[in-house]
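Think of it as A, B, C and D in the order they're written, each chain with its own count starting at 1.
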Amino acid sequence: MIDVLYFAWVRERIGLPRERVDTSAATVADLVAELRSREDRYAAAFADLRSLRVALDQQLADFSAPLAGVREVAFFPPMTGG
Amino acid sequence: MIDVLYFAWVRERIGLPRERVDTSAATVADLVAELRSREDRYAAAFADLRSLRVALDQQLADFSAPLAGVREVAFFPPMTGG
Amino acid sequence: MAVRVRVQAEPFDYGAECAGFGAGGRGVGAVVTFLGIVRDDSGQLARMEIEHYPGMTEKAIAAIAEEAHVRWSLAELLVIHRYGPLAPGEAIMMVATAARHRVAAFEAAEFLMDYLKSRAPFWKKEIGADGATWVAATEEDEEALTRW
Amino acid sequence: MAVRVRVQAEPFDYGAECAGFGAGGRGVGAVVTFLGIVRDDSGQLARMEIEHYPGMTEKAIAAIAEEAHVRWSLAELLVIHRYGPLAPGEAIMMVATAARHRVAAFEAAEFLMDYLKSRAPFWKKEIGADGATWVAATEEDEEALTRW
């Protein structure tokens, strides 16, 4: 089980801020493929990975990163702080 | 007659902040030559023109600039504001 | 004391934060402070809403601040960033740096701004007369990081 | 109101000058403020004395400020520079810029600092235990101008 968090328009498209996901995905990309296949709203949120960023346990990561040992995955658009 | 002002170590070497000078010097360089020939303290102050700056009527200028119409000449070291 | 980071919904007082910043260290010759304000380009902005990632936000800013602190040998460093709803003209965030020389204080403040812009997990939404829009990140913001 | 220049012997209040700077314009997204402080590197500094050229000082700063105002489309700009005796840790001068974007506010503030350093008629003398020394201009200060 892994905590999956969504922010900004990713959260709005999927319709919830976080959920617990039962997955055996090896990498972030595998997890994305699983989520995409669930429902249209997930497919819409994950349509273009170039417009998404991912953090693993609150550290920025790549979509090819392994999920072993990770407790929290977050998906969000490019950040606009400052 | 022209007002000649001295600042910082130029003022200290010459020993006064300003004086009126009766001169027919055509350029700043000519005026410097006149002043240098007056006394040792002037020669000391104007020994190295590369370490001096000049302003004509409160605008930075070159040593080759003409003095025609100028009322106020100021000599000083490179500025250290900020 | 030397490095302070605050992530908060509440307003902050830029003047009060600037007052006395960097004071006390005899080796401090330069202080640079930056204030980001909600801009209303269209004249149609009702408010801005800033979402963030509690937990990661603090960690990300602390890491950026610590890098600046070491790299420019700062005597003092402050970052404040707000989240939640903000009206046009309100202060969004500030950074302040105190260093020996002006070049270090300026560079550190610009580095902090460039990294906070693209590497701290904040997202801005503009709510206007025509509805709501997420502010998009720009390529310039990403390119700004290559300077460092 | 937009461009203000003050040359004075009296202290100024950096926090109070920063408070509200740039406020009121809906197009202002970024404020940068810089504070220069008397540094005591040796631990031997009794005081600094700043000499200036009354009349030319105000004109030179006004010209530099007006150039920055136009070049970076600043909404507001403030320069304060002191002269006379100053103790270690005291504020020497400040600049503040308000612009639409952060890059303009930073560049304008750095431009002002680079030009004030080498083109405004101030001279600094350090009075310490071993006597008095005029602060020398550096080649870096002159080279900084080539950036603009």
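The rule we apply is simple: a residue touches a chain if its C-beta (ideal position, glycine included) is under 8 Å from a C-beta of that chain, and two chains touch if they have at least 3 such contacts.
Predicted model, so just to flag it, every value in this text is computed and none were measured.
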Chain whose Cα centroid lies at the greatest distance from that of chain A: B
Averaged-CA centre spacing for the pair chain C and chain B, given as whole angstrom: 48
Centroid distance [mean C-alpha coordinates] between chain C and chain A, Å: 26
Sites on chain A at which at least two other chains make contact: 82
Where chain C touches two or more other chains, by residue: 36, 102, 113
Chain pairs that touch, as defined at the top of this document: A-C, B-D, C-D
List of chain A residues in touch with chain C within their complex: 5, 7-9, 55, 58-60, 74, 76-82
Chain B contact footprint on chain D (complex, rising order): 36, 51, 53, 55-56, 59-60, 81, 92-93, 113, 116-125, 134-137, 141-142
Chain C contact footprint on chain D (complex, rising order): 13-16, 18-24, 26-41, 43, 88-89, 100, 102, 105-106, 109-110, 113
